[in-house]
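In the two complexes that follow, chain A is the common piece, with chain B as its partner first and chain C second.
Our next item is the complex of A and B:
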């Protein structure tokens, strides 16, 4: 864990000295926009009420709470992916990938260090979004602390796991923007962040279930909107953890190949 | 256990796009960057790896640093396999490449060394002292707590050198380490490398500064197109290429008998002769021969009644030898020695 701690400390120092404001605004902006648009449509178009089908498919009639939790989770996902999945390609762009690969340090603790710093930063940023939502009049119930903590852990594992194969794809392809934006579109559409995934056609719902963020989203909503006890979310929690670990394992398996491909591309260029 | 880096028939090929995938035939061709290289880099010695651009030096170093996997062949570090025992090998080696990258620009010099020390598992009790020692070695104590983004190019390169030594490597791979460094710093680095070798570190050095190679290397491998074309000490390589000594003599004044005597000497020895005048419009003779004819030429001139104003001998250089060996390797009939 020496590598994880050292990487957390390194990233903390770097972030403190050069905080990426453009990323922050780029992710906070859409989050606030989503909440504001939902608020306006709820009040101006829906007259402060939701239809029966929304309640049936989402399991709640608190539309604003539903959207706010979803927007916050999407922001968390986006920020974590931007930190963790882009860690290796950033090393490559800054010229430090080789010095990193020369060391005997393992990739998992290195990425955990990056993720730990990303988690702390993302939570602070999430507070900005939730604070803005509160100012706009959104009210969330007090969650069950155990299931809320479990939901946060599940979301962390889900996004961390998802980020590792994405990191391998980015470094292997030598680009980040197309990969990250494709991922954001896919998770935004399939994982039920801002609308119930049940509204999607069956094949897309199935694809959404293959992504760990979908189960994480259900756990988060159950914990925050329904104050569900841990027993009620155990099933989704396990799915989320299993899928997150599976993605992480696949990612860690392919990452060394992707890194060598990146070095080879540099060497043969 | 053999204390050395050893390679046996090491090969690395890169896929090259031959034709678009929709056209018939194979779209990719395997282009060899390293082609059957067998080297031995013993501990306690600086070994040179020379060749022209594209000869395969950097690919070889990257394979030895475990950054690239060989396509075939075997490489070991102290009998540890480079591929199977990569993590253990990484504890024993380090690499320093030319240019100022390989360090984090938003961290200070000290923080960079601390971070890499952690990645190499340098014991906490030793790390602080090791960092101070390395900062002193590369002359960065005064800038240790300054962010690297404010460093000059030379300072970044010096920090990169300190990074390469943080784990006390048993083998150090140096790829153009003095590239872009000021002469005094490059000289200091050469002294550090020589000291490391004396302390038992095995060093593999590639450099375009051949004086540096001649000064440091006990043994040199010359490669061209990924293949070994020659191996030997700098002196052996210089003679191996059969380059010519050039003797240039200017006379104080023209003397007819000297003309005839020098031409006779050239005919007898088979030397190439060029006559002309130097910048001060004095008669000048230039003789090129595989042997040094300076003594014989001076005697001939003096015996013929001439007075020598200037005499200059240019012996064949290692640079000439490398170019000649690489050129020879490009010929179809070239055979590796």
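Our next item is the complex of A and C:
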């Protein structure tokens, strides 16, 4: 707990002093443009309507709300991954990974500290996206508070769990740019952020189910678009938490090997 | 002319040594655009089977035609974006200290920036180009008025893209911050140029802004010539605009190179980053 708190405080200070504006704009941009494109095409192409089958496969006929919630969740995912999964490779680039190895601190609390700071920052950034969507004329229904809180917890666990194996991949490959962007594209396609994952070919839908973000998305949608009570989303919630914890456990198991490899190879840009 | 060709040859060889077969090229020029294309297609799919779609947007009547429309956009965007990436790599010359050497050499400056863009374009897009040709042939989604239009479409894509690339490269003589290129020219560029959205769906202001970017007109020619079987007269408007934009970009490049070099001689900023 001490480690987590110390990491949180350090990262908070670093972020406050040198806020990474280019990352912020780089993640806010796609989110806003996704909403704007959805808005324009809904009006001009769909004529203000959506196909009849959309309601059946997505559970709602509110296309704009559907895409906005998805774009916001995708922005949250990319932001969290950029912080949490890149935490260790950033330490290595800055030359502090070795010091981290020498301290008696455990990895899980360290990563939790990074994630907690990232969570607060990402929520603030999300408000920018949702505020812009609101200004553009997207209206979202009032969510059910309990299941909404549960959905946010689910999203946190899902993204946190996913980030740990990614961190291991990044430090053992000594490369972040290709890994992170490929992950964003794959997650954006498979997890049903801006369209129902059921539209994909069956094997891809199955692959999507293996990622915790898919179940988290279902919980989030049920909570925000239908104001579903917590009993209705328990199943997806449990799947998401179980998958998130599984990914985190696998990540923590392989992380020591990845660290050994990263240290033996030495720092690379 | 021979002098310029030698510069271009040397630069092309350098780019080949540096990039060919690298994982970044495969991912950023093939895998990411393909995944992004799928995301865009599926996001738009729920809007297609709505009443009256045939009058609003005939392309959307068949999913294959919509996919061809979006794929053309993604392909042309990739051409332009590869030059944004090459301009970004051009700034590495500063970091490795070779930018100053380039400008100390007697090589023509214009040939240098042109060659940098050309080399990058070839190294970056050949793979996706092969895939695009194969996909277009296999899906049978091409509708061309006569074979000459293939050449028109190819030229309308490559020449303005090169003019755009030389312009971006010359811009970097002034700025030490190349990250702005990515931020400014990634998402806003595909949005205003109608890469993932037909132009009729956009507000007039955005359409007007889009016309200032050559990608918009390149796409109009590409889609008109290859997908809608337009004859040469049908795409004359965007072709004319492309010609004007190319001339402006070339003139802008020449001016910027002159001012930028004079400024660098005065301030000695060419090895700063």
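Convention: the second predicted complex is superposed on the first by the 266 of 269 C-alpha atoms of A that agree within 3 Å, B and C clash if a C-alpha of one lies under 4 Å from a C-alpha of the other, contacts with A are read in each partner's own complex, and residues count from 1 in each chain.
The rule is short, and it goes like this: contacts are C-beta pairs under 8 Å (C-beta built on N, C-alpha and C of every residue); 3 or more make two chains touch, one makes a residue touch a chain.
In this text the structure is predicted, and so the values were computed from the model without any measurement.
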item	value
Which of chain B and chain C A:22 touches, first, second, both or neither	second
A:3 touches, of chain B and chain C: first, second, both or neither?	first
Chain B versus chain C as contact partner of A:38, first or second or both or neither	second
Touching partner for A:185 - first (chain B), second (chain C), both, neither	second
Residue contacts on chain A - larger count, chain B or chain C	C
Chain B versus chain C as contact partner of A:13, first or second or both or neither	first
Contacting residues of chain A [partner chain B, same complex]	2-3, 5-7, 9-10, 13-14, 17-18, 94-96, 98-105, 260, 263-264, 267-268
Parts of chain C lying in touch with chain A, wherever the complex brings them together	23-24, 27-28, 31-32, 35-36, 38-39, 42-53, 56-57, 60, 179, 182-183, 186-188, 190-191, 196-198, 200-203
Residue ranges of chain A in contact with chain C within the complex	22, 25-26, 29-30, 33-34, 36-38, 40-47, 49-54, 58, 63, 67, 177-178, 181-182, 185-186, 188-189, 194-195, 199-200
Chain A partner contacts - residues on chain B that touch it in the complex	14, 33, 58-59, 62, 65-69, 87-88, 90-91, 93-95, 97, 99, 101-107, 111, 114-116, 118-121, 147, 163, 167
